[in-house]
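We just call them A, B, C and D in the order they show up, numbering each chain from 1.
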Amino acid sequence: MMGLVLDGGIALLTIGIAAWTIRAGDDFAAVVGFVAYGLVLTLAWTRLGAYDVALTEAAIGGGATGVILMRAGARVKPAPAARASRRARIIVGALSAAVAAGLSAIVLLPPQPAPSLALEVREHLASTGLGNPIGGVLMAYRAADTFLETVVVLLALFGVWSLGRDAHWGGRPGPALRPAEGGALPLFARVLVPAGIVIGIYIVWVGADAPGGKFQGATLLAAMAILAGMAGLVQAPATAGRRLRWLLAAGPIVFVGIGLAGIPLAGAFLAYPPGFEKPLILVIEVALTVSLAAMLALIVAGPTERAP
Amino acid sequence: MPDAALSPFAPLLLALASLFPLALLALTLAAPGFRPRLATLLWLAPLPGLMAAVFAQGAIVSLPTPLALGLMLDRPGALLLGSAALIWCAAGIAAPAWWGEKLRSLPYQAWWLATLAGSMTVFIAADVVTFYLAFSLVSLAGYGLVTRDGTVAALKAGRVYFALAVTGEAFLLSGFVLLALGAGGETRIAAIVAALPSAPRMAPALVLVLLGLAAKLGLVPLHLWMPPSYGAAPYPAAAVLSGAAVKAGVIGLVRFLPYATPTETLGIALAAAGFFSAFFGVAIGLTQRHPKHVLAYSSISQMGVIAAVAGLSLAAGRAAGPTEIAFYGLHHVFAKGGLFLALAALSMTGNRGRAALLWPAAIVALGIAGLPLTGGALAKLAIKDALGSGWAKTLGSLSAVASTVLMLHFLTLATVMRSRDASAVAPVALRAAWWGTALASLALPWLLFPSVGGSLAATVAPQALYELGWPILAGGALFALLRLWRNRPSLPPGDILAIIRTGEPWLARLSNGVAAIEGFLTDWTVAGAVLLLLALALAGAML
Amino acid sequence: MSLAPLDAATLYGLMGAILVGLGLYGVVLLGGFLRRLLAFNLLGGGVFILFGVVARRGAGAGFGGDPVPQALVITGIVVAFCATALAITLIERLTEEDGDDPSGGGS
Amino acid sequence: MSAGLLATSPGGDVLVAAIVVPVIGILLLWLVRPRAVEWVALAALLANLGVAVAVLRTVSSSAAPVAYLIGGWQPPLGLALRADGIAAVFMAMAATVLVPVAIYARGAFGAPGERRPMVFWTMLLAITAALNLIFCGQDLFNLYVALELLTFAAVPLVSLDGSRETLKAALRYLVFALAGSVLYLLGVAIIYGAYGTLDLIGLASIRGPDGALLLAIGVMTAGLAAKTALFPLHLWLPPAHAGAPPAASAVLSALVVKGSFFIALRLWFDLLPPERAVAGSTLLGVFGAAAVIIGSAMALRQARLKLLVAYSTVAQLGYLFLVFPLGLGSGAAPFESTAWTAGALQLMAHAFAKAAMFMAAGLVYEAIGHDRIAEFRGLGRIAPLTVLTMTLASISLMGLPPSGGFSAKWLMLTAAFGEGAWWWVLVIAAGGLLAAGYVFRILVPAFTPPEEPIARVKPVVVRREAAALALAVIAILIGFLPLAPWPLLAIGRIAAGAP
């Protein structure tokens, strides 16, 4: 019962924050509202027992998304408060409410027993050598989704780069920052970055058997890179750099390479030869983590703003 | 011609009738160096068509599947194909004389050849798709001939021409689809027409087809395009458009009506529409001030007669109908095409040599009204049976009276046509083209009349001479009376087009209205709301 | 088919439904692309929670939830992040292009 | 879900190649020297064409779909690829469009290795991969990822020029498309929650689908319609397609909008029993009809060629949505119906003709420095091949024979008449007339000799003219296929509710 009260509280809080974010008068306040929304949503995910998702939501849904939204909130001039007409609000409100009502009906009338693939996942999990069922889904059963998702992230990065100016093509993203002498940030960064990197690698490592995994770990690594960049400890790399490009491509190349090797060795694309499942999956995870961390960090860093 | 005598080359000839102009078109597109030569050789392009008409009757060409396109030639088709080929040939001789250097440029040659290709193919198409293709080609490429002068009036006329052409095609296509559907997906015309009597939705299918053909034939009220277009088109173009291109509508009447089965209602309706056009064309034609426009209204009237004959034959289930229509059409090809060539020659002629141009014009023009002993008389005799002996016969004779009046009106206007240069003489090629066509209009019907089942002896019988002669005399008298009416009204070519044009601001308002709707719907909030609405509506619609 | 028991899954399911409604309202009605984008993310959060509810209800075989929808959500969150990053960069570029309001209220 | 038992077919590896080849191409693009970039892209597209042809040949010769279980896992746990007749035909179509586009685009964006060429080639290959996956994907979430890949690849193409207008168009496109994706994803959640599977074959075998499936398909279709720019959800399309560089517009208009449409087609024809689809499909048809009429009327008003062509896309997409009422209302098995073939033909004919049209529009712009239709007089003299391309493409767009557009129109009219649905006939006929009108507005001035010699800004490259012409010629050649339902398009379709 206590749990239910807690859940009700979290749900109400989430809805309240969402409503506030929508109603907020200025853009920056709305962004702040959204970051708070990400945090309570993470709570909801843990309450639903989905720790992997909670980690992802915290790292990417709230964290990384929050960072770029904050950046935009600071850069973009607030839109003039062009309030929609009362009639429009009523109509759209009614339509949205109708959708919500329809969904509620579906939530309240679930099929019984609830359909689930949990049994099938469990049945075959041993043959993947993994202990974390979500890792099994992402790296074995639905590995193609994960592979494509990596391509999506890469494409998003190229999309972000495509929005730079011609003159800056191949240059470095973001404004040039000189290492700040003294101050809190560099010090903070010097302490935090190594710790973050260790934690990030740990998250990837345990992802095979416990909540965690490459996306969450990569996000943490990316965050450390961003932090180090903001503190001026490292320069954002030139996007034309060959080493950077290999770094970005390494994960997808390893993934597709091992996947294709599966055709002769294991009888199918993205199948792993028996006995080698876990090591191969780990190799992919490591390669992907490195590439994804670079991709995410560069996406957050934005388009190139300095000539090469 | 019996099938046994059919040369093994006949199918080839048939294919060439359609492909030779296309080959020349490709040549002029690809080889600019050939154009000066081609300008003087355009008259050659329809010759395979002419040869096919003479030697390839009964031939069939069917391309292997999946290309379900086919050609075939029967007697009515051969009559129209041969006459159309000849007028194209004559106009091809006249064209260099009229246009001179201009004819060496690509647009002139390309439009000419494309229209020709369509014009030849439409008579020999064996399936509805080929027919529609040829029909569209002759109609749409004709646009290029109408607007060849590039004047504002020509472009304006071209817009009306184009609008009615595509409208007609939309009707035709819908009709064809329905016909094919009625024949179980069959596209061969013969199979479709055979299946027609038992086909469901036969009436709507035929009505749609007839509407499409009516736009081509210029039946009222789909005639709007014809006077301005013939008025704007240069003479050689007007000759082929009025002589040959319009016959795409005639062959349609020949091909798609189930003459073997009496179809009362539809036939009478078609006949009524035809007779209405026949008299309407004359009435409005008399208000025209330019001989080109008069000829256009005469075409409206004559095509009305053809439609009436088709309708009556359909109502009575007369199997001879198609051949008679084609024979009547054959005469009109030469007469109408020829008169445009005569006008061209007259307009390039000063004071000398006018009589040699005008006298044949008088005979040919009155031939349209059925002047005894002319080719036109035979055309009238050919449709005599179809008109029967009742009210239709009376209407037929009255239409001959009306045509006489209109043709006399034309001749009075034609005598005024002359070159500003008093000493000018039209190029010999132009005059020859006209004389040749005039001769064809007089002589060829005599040659061919027996082959369509007519008796030459009967044509000179007193009964026939009387029946054909009195409308001419009555028409002459009527015309004399009419000349006494000094302030005859003068209508713009295209008559009710002027009224329709007053609707243009309304059309602009409609377009602005659409833009306003579009502006409203492309607002973010509106589009978003529609998105939600669609989601809810689709979900709701299925529950 | 009978009414769902009042448990955490149902509660969060209703929350997800309401979040979807709120998000849709924002995406459609808010002026300015930054705000629409925020609303899109709220909306996405709601949809993902619905997946979470499905996962929770499908708990079994010794798992606290059906792992498949959870894996889908992880993929979905990453995709949504990419979309947001792309859109944000576009918005920033537009701001840069001209001084005035890039999000062009409503139009 | 025993009904969903699939096995990898012999030769099924080609399906993997269809996804992997363009992806490897993307990776290579960024690793090779700048001078090799265009050649890598071209090689990848040619290889893709080979793969697509192989898929088509396998499907048509075996008269059975080609399937592949990724990782050897059986759906619903695993993901499968499956090319049935229509998927194979569309894969081949897309691959065929892409090669001339690439030939046309080569060298069009400045020095290789710079921003615009790199982005263009990357996105082009990404679109290739995404479309292939959409055509042969079997899992609704897998399709979602493909759909997003498609959008993320399309948006940067819109804003490739980097001008304010194109950035704004890209942003509108992206955010509206995202709203559409979320609705789709919502449907995926509902379906998984109700049935525990996202596999199309598994879902099709559900007997007497209950409210959840219907509701989900409704919501998903709305989202897909937003991405397809079904009128009146087209607010993003005209500025985006008119603003993108011509080679990109060609792909966006010809292929990208068809991706989301194809998924809608799958949902309705594979998952819904026809009797449940009547009201909904009529609604889609009504929207399609409005698109045909208003889109064409708007095209008639445009002063600039690219906007006219973009509005023509709005109208032509409308025809596609007539397939829903015509195909699902025929009483016959939907994918053996005339409407099914008509829709497929319309989709293909439009793809070829519209790609040719946009490419020609780009050449016109280069040749005379603008695309104001009113000033086209004399264009035929300056760029005869380009005007020929526009003419051929127009013939197909307005549905004159012989052309793919004509065949599609013929079959669509046959379907409409066959069902006694006269109102759809009126829409199709009116759309044809309006199309003739807007085509007339372009071609007449282009064919009219100029009053004074028209100024040529830049000579047109024959290779690029030939690429556009090739596409237009294909649009015409499709018209020579038989005017009857193709058995090929019915291969391997799964009937909803069937065992």
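The rule we apply is simple: a contact is a pair of C-beta atoms (placed from the backbone, for glycine too) under 8 Å apart; a residue touches a chain by one contact, two chains touch by 3 or more.
Everything quoted here is computed from the prediction, not taken from an experiment.
More contacting C-beta pairs link the chains of B-D than the other of the two pairs C-D and B-D. Remark: the per-chain Cα centre closest to the mean position of all protein Cα atoms belongs to D.
Mean C-alpha position of chain C lies 28 Å from that of chain D. One finds 41 Å separating the Cα centroids of chain B and chain D. Averaging Cα coordinates per chain places chain A and chain B 71 Å apart. Rounded to a whole number, the gap between the C-alpha centres of chain A and chain C is 13 angstrom. Chain contacts: chain A has residues 84, 88, 92, 95-96, 99, 102-103, 106, 110-111, 114-117, 121, 141-142, 145, 149, 152, 155-156, 159, 163 touching two or more partner chains.
Shared interface positions of chain B, i.e. residues touching 2 or more other chains, are given as 523-525, 528-529, 531-532, 535-536, 539. For chain C, residues that reach two or more other chains under the stated contact definition are 20, 23-24, 27-29, 37, 50, 53-54, 57-58, 66, 68, 72, 75, 79, 82-83, 86, 90-91, 93, 102, 106. In terms of inter-chain touching, the protein chains here all touch one another pairwise.
Note for the complex: chain B touches chain A at residues 525, 528-529, 532-533, 535-536, 539.
Within the complex, the chain A residues that touch chain B are 84, 88, 91-92, 95-96, 98-99, 102.
On the side of chain C, the complex with chain D involves touching residues 20, 23-24, 27-28, 33, 36-37, 40, 43-44, 47, 50-51, 53-54, 57-58, 66, 68-69, 72, 75-76, 79, 82-83, 86-87, 90-91, 93-94, 97-98, 102, 104.
Residues 523-525, 528-529, 531-532 of chain B touch chain C in their complex. Every residue of chain B that touches chain D in the complex is listed here, in rising order: 29, 65-69, 105, 107, 129, 132-133, 136, 140, 144, 147, 150, 155, 158, 162-163, 166-167, 169-170, 173-174, 177-178, 180-181, 185, 187, 201, 511, 514-515, 517-518, 521-524, 526-528, 530-532, 534-543.
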